[in-house]
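Notes follow the structure.
Chain lettering (A, B, C and D) follows the sequence in which the chains are written, and residue indices restart at 1 in each chain.
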Amino acid sequence: MHTAILIIQCKDDKGIVAAVSQFLFENNGNILAIDQYIDEEMGDFFMRAEWELDSFDIKKDDIVGLFGEKVGKRFGMDYSLFFNSPKPRMALFVSKLSHCLFDILSRYYSGQFNVEIPLVVSNHPDLEPVVRAFGIPYHYLPIDKSNKAAQEEKQLQLLRENKVDFIVLARYMQILSASFIKNYPDRIINIHHSFLPAFVGAKPYHAAYKRGVKIIGATAHYVTEELDAGPIIEQEVARVRHHNTVDELVQIGQDVEKVVLSKAIRYHLAQKIKVVGNRTIIFS
Amino acid sequence: MHTAILIIQCKDDKGIVAAVSQFLFENNGNILAIDQYIDEEMGDFFMRAEWELDSFDIKKDDIVGLFGEKVGKRFGMDYSLFFNSPKPRMALFVSKLSHCLFDILSRYYSGQFNVEIPLVVSNHPDLEPVVRAFGIPYHYLPIDKSNKAAQEEKQLQLLRENKVDFIVLARYMQILSASFIKNYPDRIINIHHSFLPAFVGAKPYHAAYKRGVKIIGATAHYVTEELDAGPIIEQEVARVRHHNTVDELVQIGQDVEKVVLSKAIRYHLAQKIKVVGNRTIIFS
Amino acid sequence: MHTAILIIQCKDDKGIVAAVSQFLFENNGNILAIDQYIDEEMGDFFMRAEWELDSFDIKKDDIVGLFGEKVGKRFGMDYSLFFNSPKPRMALFVSKLSHCLFDILSRYYSGQFNVEIPLVVSNHPDLEPVVRAFGIPYHYLPIDKSNKAAQEEKQLQLLRENKVDFIVLARYMQILSASFIKNYPDRIINIHHSFLPAFVGAKPYHAAYKRGVKIIGATAHYVTEELDAGPIIEQEVARVRHHNTVDELVQIGQDVEKVVLSKAIRYHLAQKIKVVGNRTIIFS
Amino acid sequence: MHTAILIIQCKDDKGIVAAVSQFLFENNGNILAIDQYIDEEMGDFFMRAEWELDSFDIKKDDIVGLFGEKVGKRFGMDYSLFFNSPKPRMALFVSKLSHCLFDILSRYYSGQFNVEIPLVVSNHPDLEPVVRAFGIPYHYLPIDKSNKAAQEEKQLQLLRENKVDFIVLARYMQILSASFIKNYPDRIINIHHSFLPAFVGAKPYHAAYKRGVKIIGATAHYVTEELDAGPIIEQEVARVRHHNTVDELVQIGQDVEKVVLSKAIRYHLAQKIKVVGNRTIIFS
């Protein structure tokens, strides 16, 4: 089914839900999902509405304009419109670790993700055979201090050529430069192998072991300039015990990482995420 | 803040959200929360809307009638209206086990529950001192086969005298008769000490031990005539290991029971539960 | 590191730990792990001990005999001895669903499992390309009512030819016959897509939806003659809500299934499971 | 049943388990539980053994000496001996929040804790009626900057008079001085309302809200000089969503806090905790 999704932010006021739903109703839109959230501190109203597109009276290209005219202006809304087709195009960045990559490819293979994967980019050659087995091109771009800027330029060119909509860092062990990141604001998803904000940075499982925590976790977040500090999309945890070595924490944690990252991708694909400051609204 | 809550069920159709939200907007109602759910199998639409009452243009007593006239009839709606004040009146039924009772009284004491507790009913005298310490009357009504009908009649009379809105069975170890239950449809909450539908009936922890499960649970549900088969409100689980004895399962399980039961009470008090057949919608 | 693992069952008595640890000490065995459990109902003592083999004074082939003579006879022990090398040989049985298969292959690929996978057996051809990409032979043996006995005979022959130690049913949608099962007692691991004993049999996600549960689960267990009734190895759960369709339950549940099945395989490979009646001891 | 508990630390070596279990066996000790752990980084061996005291051949007062002579010296052991009777004496420190206090008193009332509670100390008068209802003396010692040292001295005197073995800070909102703490090393349990090491210090729920985490937690730890940095005993978490206000985080978190704190108390009472550096071993 073809659907349209509208995500709205404006100052809270009476009559917003009425105005939006009336607009959809008058134009023969069948609402499939509606979710709203009022941030009381900010005084802001947020809303996500999804409706059937096939029977809708307004053409895809005219919706933004007409909605703005009839509803948006009246409430001073920021709003974005999305469609569930054509499929979004996702680039995967990987290094040597395969668990998140496999998990994503497994879901891609079984049709669980409504997505195209036009390419995988890596700073290591190791995972090429796996990726090729799924018929996906693999671009090996090794990175060191001397060539980082040039290689990132090549990555960006590949992303543009492949019309990539968003990027998933599936345990990609290179820090992206600020100039790279600004090309994909709120469109680069990273999985960090700790329960943020605990254990920012390198070797979080070692840090967790040293601190003697009884629970470890993983965090999927949008990448921003500040390391591991971007808006959190999803988190999950697993219980550990004193006798678990760092290697065992790594193994237990990897099971958490892959589930969290795939959930974050699913939310992103369904256009259920709205970034507000450094927080995320996850619409239901 | 005084609020009104409307819970709606009708055949799914275009324009329902628009009509309801327009009705509230036209009468100066500030929507605090709105949640909808479409049951695709049934083809039914469900909605919960909560709005501020103080600034609303329609008097409390007139809302049902006017809403029906303007909106309800048009869509053939079943709908119910609730107010968050005066506080609902909750009766507690207990036997000998104190963990759920304490947990509820603790939340009552700290003001976490928006509720009055006019009485506690028990078939055992043991917990009277605890209950009295909170200033709540305790009615000891022992039950055996010979006096069950008479005692239930006395219980009903107490409930009526105390204008009780709903009943919570906080590990009350007596099966209520069908004739008792029909006085409080979807208004008797029970906590069953297993992850239903596993281990219906007596001694579920013994049964769980015998089956060798690795996780135990608890289930809060509305009481219906069929034992432990009513609509599930909330469930939670805890991990156990082979070396846990039945007594340890009981102890671990009690921590789950009290959390689950208190969550169910909270949903009930907030009017967030809609029973549909033998399932519950828990509005957010 | 080469290790030996001893799993013991006998009537509880004083001096067992002393006798076993003294035997290992006298023969220069460095204990890596020791775990014991007393089943108070049965009055039975259980123990798992793992020690370094390289520096041990007794040859692999002589350990069973000498231990029996010096310790086993004295306490009337049932005991089994295992070694962590050569690697155990695991056969995978699959049908059409790929999520558990991928998860296992992913762990196999990354070296997380200490195992050989000499073959995959399936009653459907669909997953052959995936399996072949990992360099593992795929045997397609379609099954219907008329050929079941003959095909099971072929499966058994393949298992024997490949010296298979144990079998994992990774969402294999065929019920194994009793005569097949008896060849691999406590050595066939199945993943059932419900929180057993709830929802035994076919279509558990449909049954869970219908019952309106708030939590779904998965159960890894050894296969016995009675369907879904064998000793439980591991269970895990996930929270669901009223708006989740059966298809969504399936998707949420698959993430649980694969984690649970892989945990069960890990326990089995590490020789940490002892079946006692219809329960399992999972040594730590 | 009267039991003795031995907790041992020494350099890892062959023959330790044999020596300890032989000592217990020779003196007619029936082992109820034994758990060991080897810290591979430190090269240290840890063990907890619990056995029946009534049938043991050595008198309570002679065990330490004889064990040292026969076993301890040989392996250069640090070891401590505990008995499960008489009951340990626990002091509770509280301020205004009642949820942890109620949870502990509830377990005390139902006999779940093997403990005496000779007194409750508070810097606020609010919870006195609750505590008195359980027949426990309540000492109100208000604290401000000018009187802190003097009031802590009074607290210490009360603790000594009441022969207190350990202290539980059940949401006690005062930082203890270093000089106070050194009187009860590894014997003051605090509950911190975050998933440490995230959100150390004051107002962790506000910090969690601001960071936009999807999971909140609580941590029970032994109190050391450095704030919220002592050895972690237990942690637990709960899932939250973007629409949860800080007040709701507080409410959700309190359910986690009380469960975590009571678990930590249970481990402490059962002498299952061994502090090693800044980590804890929790024996099973």
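FYI, a residue touches a chain if its C-beta (ideal position, glycine included) is under 8 Å from a C-beta of that chain, and two chains touch if they have at least 3 such contacts.
Only a predicted model underlies this, so the values are computations on that prediction, with no experimental measurement involved.
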Quiz item: Shared touching chains for chain A and chain D?
Solution: B, C
Practice problem: Could you tell me which chain lies farthest from chain A when each chain's centre is the average position of its Cα atoms? | Solution: D
Practice problem: Let me have the rounded angstrom distance from the C-alpha centre of chain A over to the C-alpha centre of chain C, please. | Solution: 36
Practice problem: Could you grab the centroid distance between chain B and chain C? Build each centroid from C-alpha atoms only and quote it in angstrom. | Solution: 41
Exercise. Give me the residues of chain B that touch two or more other chains.
Key: 243, 284
Practice problem: Provide the residue numbers of chain C that touch chain D in the complex, in ascending order. | Solution: 14-15, 17-18, 21-22, 24-25, 28-36, 38, 239, 284
Self-check item: Of all residues in chain A, those that touch chain C in their complex
Solution: 97-99, 102-103, 105-106, 109-110, 112, 130, 133, 243, 251, 255, 259, 262, 284
Exercise. Provide the residue numbers of chain A that touch chain D in the complex, in ascending order.
Key: 37, 40, 195-199, 211-215, 217, 231-237, 241-243, 245, 278-282
